[in-house]
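Notes for the one structure printed next.
Lettered A, B, C, D and E in written order, each chain numbered from 1.
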């Protein structure tokens, strides 16, 4: 049995989740607590990748970062970076697809934090920074964990956009999802069965753990 | 320009959303209000299709309803129904993929309905049935609409599972998502551009409408 | 009646009676099981033991395995915060529970009840546009519209300011004497007890 | 001080003063802008006009465009429902706002404050395990731990039962006289005003 | 009964053809002519031959299978999914080295692919696309396979492989001659001695209820008219 799609998917999902958290937590906070014009529109834009078909996202990415696009050419000539057909491209696709889940999760959980508590921390002499890291973040913890897990799962399973942007290179961009598709296409049901059972077990265990975990951590 | 993928996707998403609503609303209610053993586990199972890769779902469907499976053979011999590689198969795939969104949406919005109001309706002589349709449902309305729209969008965009279960038959199972993939494969960028722009515009408009709509309808 | 109910970390065990024209007051601090008692009478929670009897009719009896469902108990229940349906207008709220089939008869009855509490002109409003006192009156009238055998009021004044409380208290007092119906009143305000109750059950 | 604030459907326009040893009470019905006034003083909302001065120092002045941020105002604020941080133990709550650098000094100060209110043995508890009165005392002590120039109390008794209210009221009275600090107290209970206030601002 | 299988799946006047991706351009033209002459409707589904074979095994509503090799059709015959009498080698394909015109790459032979300027080489997945297998054989015969494997990008089928080169995301690739003639691509024939002949076989699906119609189309491909078109797209004919 070939394990490389499993490792690869884990790697891609890991990187994309880290990036997603770095973008998603501030964005979620902004949408929950920020007051600015165009918030409604930003909120809609952020939801877009959740409702657009993955192949549409893949197509956008392809014409945005592809060899013949301006960005793609610039990346190529300035940094010698080519995202198409690389695992970094798969990370990009997974990040875009899972970002809305993260942002929505963070937003909802920050919105559920009592602003009174943040206000009190301010009157106790704390900066916005401290308020965020000592009050808001710890109190929104559960929702953020849930959002992260969902984003990770979504990244693990990404198929359509990845297939278009990163292709199907065994050991390089052939993620679990794509490997299963590939195995079925080639009539290799043994490999398909192996991967499908494996990912199902992993997913079920993570879901059950998540349930337990979010129940334990409450005050 | 070939519009048939658009019609087809709308048709598939429509049917799948109707089925999703019929299953999802009772299930959401059960998870929100029901008290039974195994609720935790049911809740996890229901989330599964949201976190499993679409190709895994496609694979399960294939071995469940395919011609070589017991169910598939029975459907074939008893009713002469073949789901694999038909638009009905695409509806099935879209339904399974979008069901968790519907159930979660309904569950959350029913949970947010004050149980006191339901209790009062009971003391006013109403049956559980009436309580649900006259109190719970109208009060959970917004969340249910939002869940339905998300489920519809998810069904519209389904790619991985559909590709595996329903294939890529123009006019029959070639949905928008798959048509874009196919057009790009064939180097037919004109068709790809047309479809991508069309679906983007439709999606953005629906999102903005949804935002407006859910703001208007509150008491 | 006699109720026993065990919850996770709470045990309720009370026994008392109420008769026509009486206003019995369940008085005690927060968390002492007052609301729980009303919910048990209304059939919204099932006691672990004991019995509940209305007009000589058993509606709950543990040993005899009697448990009439909430909708058939004929009990008027006004929960904390009134429980008006926010998506129905005042008239719809009131007519919701009526058993009469004829639309006109229902309308007529509804208008009579509304005029009793001086709210005829609010019939087309939604609950959110009423003041606390108005909401309360609508909630009571809605319960009465089903011709209940007993009226349960859960902390009717807890959501309103102290000055307004006094006014509402007197209003309700007058109202209750007019209707002459057994009433169970839950409160943790001693003044409520003093002004309204004919009898007190202590939940301390 | 003088505050003007326009909200969607509400205009606040008040002017008053408070001095050391005084307990000024903002008294009025729900929605009259009492909490809003406190929030303006604490720097949590920005008034549309007017000024706020503490100890001869302007912390807000519309025309002169002065608006000191909340964290530099030196104001002790105890919101409705106390606002204790649920994820911190009592001692962590109290030490959270202290400016002292040294851990030991902070601990010492915290213990002194806790013993002032007789809660030394609760230092390792989480707020949810305290009673309403205990929570209130912790919230006040937490505000005092930052050595504020004025203490703002928003409806300190609204969440507790009437019998317990009386006890807490007396407790706080004693406490405030001991500390001798200007206090602004928001309430809609006339009894609070009677027992505690040295001066009243009417928000009716 | 096999005759009954999939009865309501395809309508009588609609022909469903599963065709190898390498036939995309040729069959789109043939299909148009055929539709005009017979006043019918032909619906093509293009994919890798292996992928299409899997779909037929799973009961996809397909009347005619037009593969890019003989193996997949023979396998299906053995499986009972294709009617043995209808099998027919209708064309022989060629592979080319395709180079994107804007990629600034000088490559005309397979050896040129060793250049370090070339980061990606597109090849149809040899596991289920016969043209990919032919490309693999050619590279192996030249002793280049092991050196190149790192650079290979697998297309799902022949036409996606072409698209990788066309868009320039892979500057070069090995693709069928039949779909190489597009604006963005320069192409160079690969010696046919380097790989097994790409004999392409078609066959009527046994669970089809449109078998006569399917045979008509197969006949048309082998007709003079069909052969002219096939030739135009670079197929050798048997």
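Just so we're on the same page, contacts are C-beta pairs under 8 Å (C-beta built on N, C-alpha and C of every residue); 3 or more make two chains touch, one makes a residue touch a chain.
For clarity, every value in this text was computed on a predicted model and none was experimentally measured.
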- Spell out the chains that contact chain C while also contacting chain E. B
- Cα-centroid distance, chain D relative to chain E, in whole angstrom: 79
- Item | CA centroid of chain B to CA centroid of chain D, Å | 51
- Quick one: report the Å distance separating chain C from chain D, using the average Cα coordinate of each chain. 38
- Geometric centre distance via CA averages, chain B-chain A, whole Å: 22
- Task: Going through chain E residue by residue, note those that touch at least 2 other chains and give them in order.
- Result: 57, 156
- Query: So which bits of chain D are touching at least two other chains?
  - Reply: none
- So which stretches of chain B touch two or more other chains? 62, 184
- Can you identify all of the chain pairs that touch? A-B, A-D, A-E, B-C, B-E, C-D
- chain D - residues contacting chain A, complex: 39, 42-44, 69-77, 79-81, 83, 85-87, 96-97, 99, 126, 128, 142-143, 146
- Task: Going by the contact rule at the top, pick out the chain A residues touching chain B in the complex.
- Result: 40, 43-44, 47-48, 50-56, 58-60, 62, 150, 153-154, 156-160, 163-164, 176-178, 180-181, 184, 192, 196, 199-200, 203-204, 206-208, 211
- Query: Along chain E, where are the residues that touch chain B in the complex?
  - Reply: 4-9, 16, 21, 24, 43-47, 55, 57-62, 156-157, 159-160, 162-163, 166, 182
- Message: If we count contacts the way the header does, which residues on chain A are in touch with chain D in the complex?
- Response: 114, 116-117, 119-127, 134-135, 138-139, 219
- Message: Give the list of chain D residues in touch with chain C in this complex.
- Response: 29-30, 161-164, 188-190
